[in-house]
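Handing you a structure now.
Chain nomenclature is as follows: A, B, C, D and E, assigned in order of appearance, with residue numbering initiated at 1 for each chain independently.
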Amino acid sequence: MKTVIPVENNDVRAAVQGFLKRLLEADVVDALLLPMETPTGTVTPALVSDPALLDAADPLAPVLGLNAARVAGKVSIRAPRGRIGVVLRSCELRALVELVKLQQASLDDLVTIGVDCLGTYDVPDYVAMRKNGQGDLAALLATAQHGDLSPQDGYAFRDACQMCERPHIEQADVTLELLGADLAAGVPVSMADEIAAKLGIEAAEGDGKQRDEVVKQVVQARTQVRDEWFAAIRQQLEQEGVEGVFAACVRCHNCMTVCPICYCKTCLFKSPVFDHEPMQYMNWAERKGAYRLPADTTLFHLTRLNHMVLSCVGCGMCTSDCPADLPVGLVFRAIGQQVQEVFEYVPGRSVEDPLPLITFREDEWMEVGEE
Amino acid sequence: MKTQAMTEQLELYGCIQCGKCTGGCPVARKTTLNIRSLIYYMLVEPELKVDAHEELWDCTSCFTCVERCPKDVRPAELIIALRGQLVEGGRIPETIGAALMGTFRQGNPAGMAREDRSAWTDSREVKAAQDGCDLLYYIGCTPSYDIRAQPITRALARAFTVAGLDFGTLGIEESCCGNEIRRMGEEGLFEMLVEENGEMIRAVGASRMVTVSPHCFNTFKNEYGLDGIDVLHYTQLVAALIEQGKLELANEVNKRVTYHDPCFLGKQNRVYDEPRAILQAIPGVELIEMDRNRERSLCCEGGGGRMWAEGTNLEERLAFQRVQEAADTGAEILAVACPFCLLTLEDAVKVRGLEEQLRVMDIMELVNLSLGEE
Amino acid sequence: MADSFEPKIVAFLCNWCAYTGADLAGTSRIQYPPNVRIIRLMCSGSVDSTYVLKPLLDGADGVLIGGCHPGDCHYQSGNYKARRRVVALKEILKSAGYDEDRVWLRWISASEGQLFAQTVTEMTNAIKEKGPNPMRQKWAV
Amino acid sequence: MSKPAALIIGGGIAGIQAALDIADAGFKAYLVEREPSIGGRMAQLDKTFPTLDCSSCILTPKMVDVGRHSNIELMTYCEVVSVEKEEDIFRARVRQKPRYVDMDRCTGCGLCALACRRKDRILHEFDEGIAKRSSIYVPFPQAVPLKYTIDPEACLYLTRGKCGNTFLCKDACPADAIDFEQQETFVDLEVDAVIIATGFDLMDPTLKPEFGYGVYPEVMTGIQFERLSSASGPTMGKILVNGKEPKDVVFIKCVGSRDPHTGVPYCSRVCCMYTAKHAHLVRDRIPDANITVFYIDVRAFGKGYEEFYDRVKHERVRYRRGEPSEVYRRGDRLVVLAEDTMLGRPVEVEADLVVLATAVVPRGDTADVAELLGLERSPDGFFQEANVHLRPVDTVVEGIYLAGCNQSPKDIPDTVAQAKAAAASAMRVLARRRRQST
Amino acid sequence: MESKPRIGVYICHCGVNISATVDVEQVAEFAATLPNVVVSRDYLYMCSDPGQGLIQEDIETYDLNRVVVASCSPRMHEPTFQGAAQQAGMNPYLVEMANIREQCSWVHSDRERATEKAKWLVASVVAKAAELSPLEEREVDVTPGSVVVGGGVAGMAAALDVADAGFPVYLVEKSERLGGRLAELNRTFPTLEPVADLIGPLIERVQTHPAITLFLNAQVTNVEGYVGNFKVKVTGQEGERQVEVGSIIIATGYDLFDPQRKPELGYEYPNVITSLEMEQRLFDGDLAVNGREPQRVTFIQCVGSRDVQVGNPYCSRVCCMYTAKQASLVKDILPNADVTVLYMDVRTFGKGAEEFYDEARAKGVRYRKGNVSEIYRRGERVVLSGEDTLLGQPFDWETDLVVLAVGMESRADISELSTMLKLPRSADGFFLELHPKLRPVDTAVNGVFLAGCCQGPKDIPDTVAQAKAAASSALIPLLKGTVPVESATAVVDADLCAGCGMCVDVCPYGAPALDLLWGVSKINAVLCKGCGACATACPSKAINLQHFTPEQILAQVDALVG
């Protein structure tokens, strides 16, 4: 069912807050997991049960410090648990779908509330912007109507956002359809009928056609960026290999820590398998004459590729949090695209698509192994 | 001659002396040729006096021995190798020498003038393959020069035209395929031909080539290494054209026909069904099989250089036996798909006085009849 | 240089088919180049990506994975899973700028000693053609 | 009540396999071997056809298993002297021959043999007489048990009552294991089943004097060739005749076999294949040798055998059809005279080494054993099975079973299968006994 | 528990099998320099008692806690050396082998390079050894009883031995009757007993044995489980039934060669019959061809055997004798007829066989050496073209009746069972035994055994002996009551497990399951077969396949690349 949340005084944020409050008040959910503005001005996810505190809710803030799919998993993984509405951007929602398949999250008592993404800034940029009184939310929201999504002057969206060709919510229980909408006039929402019934909301006409066109336009522009960047990074990989592109890696494991897909409790690379004896380093040094330290960085990235790239949703947290400013996300997305294509796998599309490496068909790749 | 090197090279060691080779050898019954015994000599004796084995020239290289060997030994190759020794020493029958010389000088064993190689066309227009074509039509020596065989050659050209194929020939640049040359033991000349012909054939760029004679077909298919080119005997191509409806056999040929499998087509390349399919597609033809057909077909004695060498027993010719078998079936026509078979069997029909009851014809001649007046 | 280059190839063979096939090559005394060093695993399905990546990054010139023919896996489907993993791994290697043809997956049954020897010979020749793994010279990995 | 038990007479591969199966199934097995070590004929072999596994590699671990199996009581250097059947129980008396060495003390170090006054002077039976040993010996280095034994027929002290001024062996033994006071002892056993695995003999080749065995040192038997080509043999696997590598080697098959004149009308079943194997070994060690095999028919009938024969032929081994008529000397070489029946004429083949594939014949004491146990023999002299088709390992006596070549010649796979078959028959009895007793 | 590795390395000469190509002493010297190696030796035969003794002594003397043996394939002697170490008080899983025979000395001839390779192999295994952990040996109870697949003489003989030992037997036969091929024969060789006299009582015993359950017109359609506890699904006309047993005996027999695959032999003529058809004629006493008594009867041996052209290089083992038998019987019936056998080699090797062959010739059966090349018709008769190789002359032998001695082949549907049970086959198509000499009836699948001609051609005595041998192997676990189970199973480190469940998805045996309370995986060690699929699927390596852990494998890899 579709409806429109009325916006008053051009305050879209307040309108959305109001809508979310009603979810709590109408007992659709027991709590909401959503981005909240902290007293110091940053934004962080929080699980909110008191509707009164939703005045600090900031689900439209153009910043991503954490892919909230990870925390959504924590609050949903096993019963007993509460009924929780979780407000997610598109890349977060895709990650959540993958985590469900990896049994790190459960949709059973979860109401997913997706918000079309207009682009996000890295946390330091966002903080700086706010400090400088820049980053007018209304201005950004205004770009939604025609799809001319653009950052605040002097700032850039995160790399991942600049090449994100899936900014729109594809499937959620409740979707805030920002793209294509004149938000100053109202926020179009689609939701399951039963939720609407509980909220006592009547259907209202939004302009679906407009959204589709704008999405198409944004996707086209983003795809162009993406393909240019892919071409460049592929060329670099071809010439330098992973060890060249990631030469400055300090193996801090940040990329793995912030990755929503990397769900292991302890990464293999933090285990005793890769905790070598002092003499071992000496042996390696003698073998090649020199040995880069920390060891196994390339192996780490290649192994991580093997473990998660089929599920990589392209949120780019890895790039955002890399202390060495390495294009981790770009590399993973570029490689991921090729591998995902081979297996005809679209990460985050549906919980019904089986993970490629735990299934097989007897009659596939018949030529492999037979030469 | 020392035996060991050749024994090793030909891998004769696998032989267990079961006798299937000599047992199936069509000429072993009429001459002293005993390939099994020759292999045994090679295995156990340090030396072999090749000169003493005149009967080596009796072999028709029908390869029945190779077909029958349970241990994958290739007995006929020993004969070819031993002939090679004789050739090297110059100890060869005069007629064989002439055939080799003719091939060396004029590109055909009969020693006919190279310029006359296109005489079969009867001044018809035939495209030069050198200008590019889909199908290379390789004629071969006997079909080019022999008056008895030329009608087959022409009939094929006609059929290809009717079927709308883009075909061409090498014209007077065509040379002997060398199949018989190799089997006469002249490996050097054969290799020269393989090189020259191979280069010319590849240069045409056709994806398929077709031959009139199973002998040419055999060597191009199995010994030239013409990768990427589909080598066909005409019976394979014509059977396919009929099947695809590209050749309409409209006229009835009301004859009882029996078919003789040429060794180089049947035993050696296992093309058994296509010739029969063609005959059965001709309206009016009643196909009767001889008892010895397909894998058990009797050699006509025309192969392995025997067109140019009489052998040690002139009196008993296998062709006599064969035409009698054909006549005994009650057939009016003995159909063949090989110019050598055509010549040897037709000659046998004459000598045995069977002309009244039996006519030898190539399958293509029957097809031509059925296609009607040109 | 190229002539004297003797590749180092690490082979992971499943216990039931490929490893037994390699043993059969031995009992049949079928000769092949000594460039392949075999590690026995129970199943091709237990070949981890790190087992392939580690030697390649350290400079091994090739990695051979040998398993049972499709349908013959001692553990029912290990080879099918291995096939998917290897397809993924090679795609990753390729798109990450490495020569994925240094990794071979081959099905070799317990009775195919000849095929094992032939595979080793072919792989050794193919890798010789490629030359040494450039990673051998790279210390910054 | 004691564990159901079986007595296995003979510690060759047949007896070993039968004992292991019975013991693995949880029954007691007494394995009695008259030689100082188990292993039998198979221990003497170099490689085995058609896979060319070395015989030691596949046999010795089984020997070790036998030696260590908690359900097997190994009784070497022992002989069964009587067996009485009472209802379903067999009472057997076993004679333990004196080794003159204390089994518990001997460590198998071999210093005694090195010290023995008759070192390198006694024909070595295990090496088929092509090497010498001391009076105190182990048959072969991988013997089970690895304990020394004094040969009472060779020991100076035991034969003459005196061995110099002091026992060199005793002096050399650090374990004080040598005991000339040892006497034979007897052990009585009660068992529920008996398996006879007494093996075979090889025909004495001097019965075919035309081949010159015993006259020409260059003529030897197949089993001697095994020792010659074995890595653990006296030449460490080098094929040497009179100290030189032979260049022309001739193998003669069916020496005695298929020959009613020698009383061996039957085929010995293994000679064709071991000769093919010998030919292969010669080719392997002496690549340029001329190798000729004289045969009547090539009987390569087992799994992989014809394929092996094909392979050996491809290794430039000359198979000539015809059974040689005689072997004689010409200069410093031998000449083998035969009709090559494929050529239809006589041929002379010169040889530096002639190997005779001698027939497999029943053990010399088969008649005694048959009498001891109440068994019958077939016309060929081997033990008679109850029914050749359906009861190939059973005998006329319920509870006594046959394993291996004492029933007829067999190759190793067939011997092992038959030994297991005998074990299966025995297990039926043993299992019944166990059910009754619980 | 964790103590510093102290490794003993033992390099075997294997007679000259290894030492001829590999410089064994040099390898031993090299091994002594490897990390953690305390002692390194070479010896003529490591697997011999003194060889094993050497290891045991060193374990004591040097306080070894790891043993590496470089010799033949571990598939051959791993149990041997594990046993030796165990006796010396060491956990058997602390023994590791380097395969320097099958995978080194036997396949290389360049001594220097073979020695170098042997060193790498040893280094790699030593590196793995240092990472080894002891494993517990476990046993499970055995379900008493066996399934026997095939109701021919092999299946019946095996079934009776197992049943007589007191265990239930489920005998599954595809056709509607017992007796198999044997029931189609007339008389046996060399004793000429009527087959009916033999097989009648046998079938009777099987049918009436209280411990044998018979499934006729039935097939095994699924097998689950492992040695000691198989679940076998039998599908027949009465539907499906699952039986539970401890062992399985395969006795599915053979097919006869189809002579139409040798068209030159003219099987389409009424004068040309197969030996099996001859059995029926002898049974009926009717040898007439075209209504007349044959004057000449000719037997042709090796039809479809010893023939690489039809893909059967092997000898079928029985044809020489059944041909001698048939020829002899024909000669009895038609004393004046010319009875000829055309052969390549006469293989009459069984007990009483050569004697029978002698008698047949004495009776007047003519043996001519030389195989027939082709057969064609001449009037009512056929002509055999061949060569008498002893005369050195070809012949064209007119004859009235030709008997083709067709050989044996593996069952056309053998691959179904092969795939279902994962039973490997040898190059000749028959089932592959685990070791031709040591374990002729065992298979690669523990608890599944071979009886009769499904393993290769055999005559009746050899078939019965082998069937009984299979019964012996099948009885061992039943009588013992327990079987050891895989020790090298996968284990979960619950602290590392994130509960993603991929292990559950990839395991074909249902061994891992997610613990609902804790959300971590647990592996049922009895169900685990040790393939390692779960360990590979687990990204954090919370699951390890014991004895093949990443530490162990990567240590091997590292040593090999070095």
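By our rule, contacts are C-beta pairs under 8 Å (C-beta built on N, C-alpha and C of every residue); 3 or more make two chains touch, one makes a residue touch a chain.
Just so we're clear, the structure is a prediction, and the values are computed from it rather than from any experiment.
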| item | value |
| --- | --- |
| Labels of chains that are neighbours to chain B and to chain D | E |
| Furthest chain, CA centroid comparison against chain B | A |
| Core chain by centroid distance, with centroids computed from Cα atoms only | E |
| Farthest chain (mean CA position) relative to chain E | A |
| Between chain C and chain B, distance of the C-alpha-averaged centres to the nearest whole Å | 48 |
| Centre distance in Å when chain A and chain C are each reduced to the mean of their C-alpha atoms | 38 |
| Mean-CA-position distance for chain D and chain C (Å) | 44 |
| Distance between the centres, which are taken as Cα means, of chain E and chain C, whole angstrom | 28 |
| Sequence positions of chain D contacting 2 or more other chains | 51, 53, 298, 310, 342 |
| Touching two or more other chains - residues of chain A | 268, 287, 307, 357-359 |
| Residues within chain B bordering two or more other chains | 16-17, 37, 71 |
| Touching pairs - complete list by chain label | A-C, A-E, B-D, B-E, C-D, C-E, D-E |
| In the complex with chain B, residue positions of chain E that touch it | 263-264, 266, 302, 306-309, 344-345, 369-377, 385-389, 392-396 |
| Complex interface listing, chain E residues touching chain D | 13-17, 19, 44-45, 47-53, 72, 76-77, 79-80, 83-84, 87, 153, 157, 161, 164-166, 188, 191, 193, 198, 202, 306, 313-315, 317, 345-355, 358, 389-392, 426-428, 430, 433, 435-438, 440-441, 455-456, 460-462, 464-473, 475-476, 479-481 |
| Chain C contact footprint on chain A (complex, rising order) | 234, 237-243, 247, 268, 284, 287-292, 297-299, 302-303, 305-307, 309-310, 331, 334-335, 338-339, 342-343, 356-362, 364-366, 368-371 |
| Touch list for chain A against partner chain E, complex | 77-78, 102-104, 263-268, 271-273, 279-280, 283, 287, 307-308, 355, 357-359 |
| Of all residues in chain C, those that touch chain A in their complex | 49-50, 53-54, 57-59, 67, 69-71, 77, 79-81, 83-89, 91-98, 105-107, 136-141 |
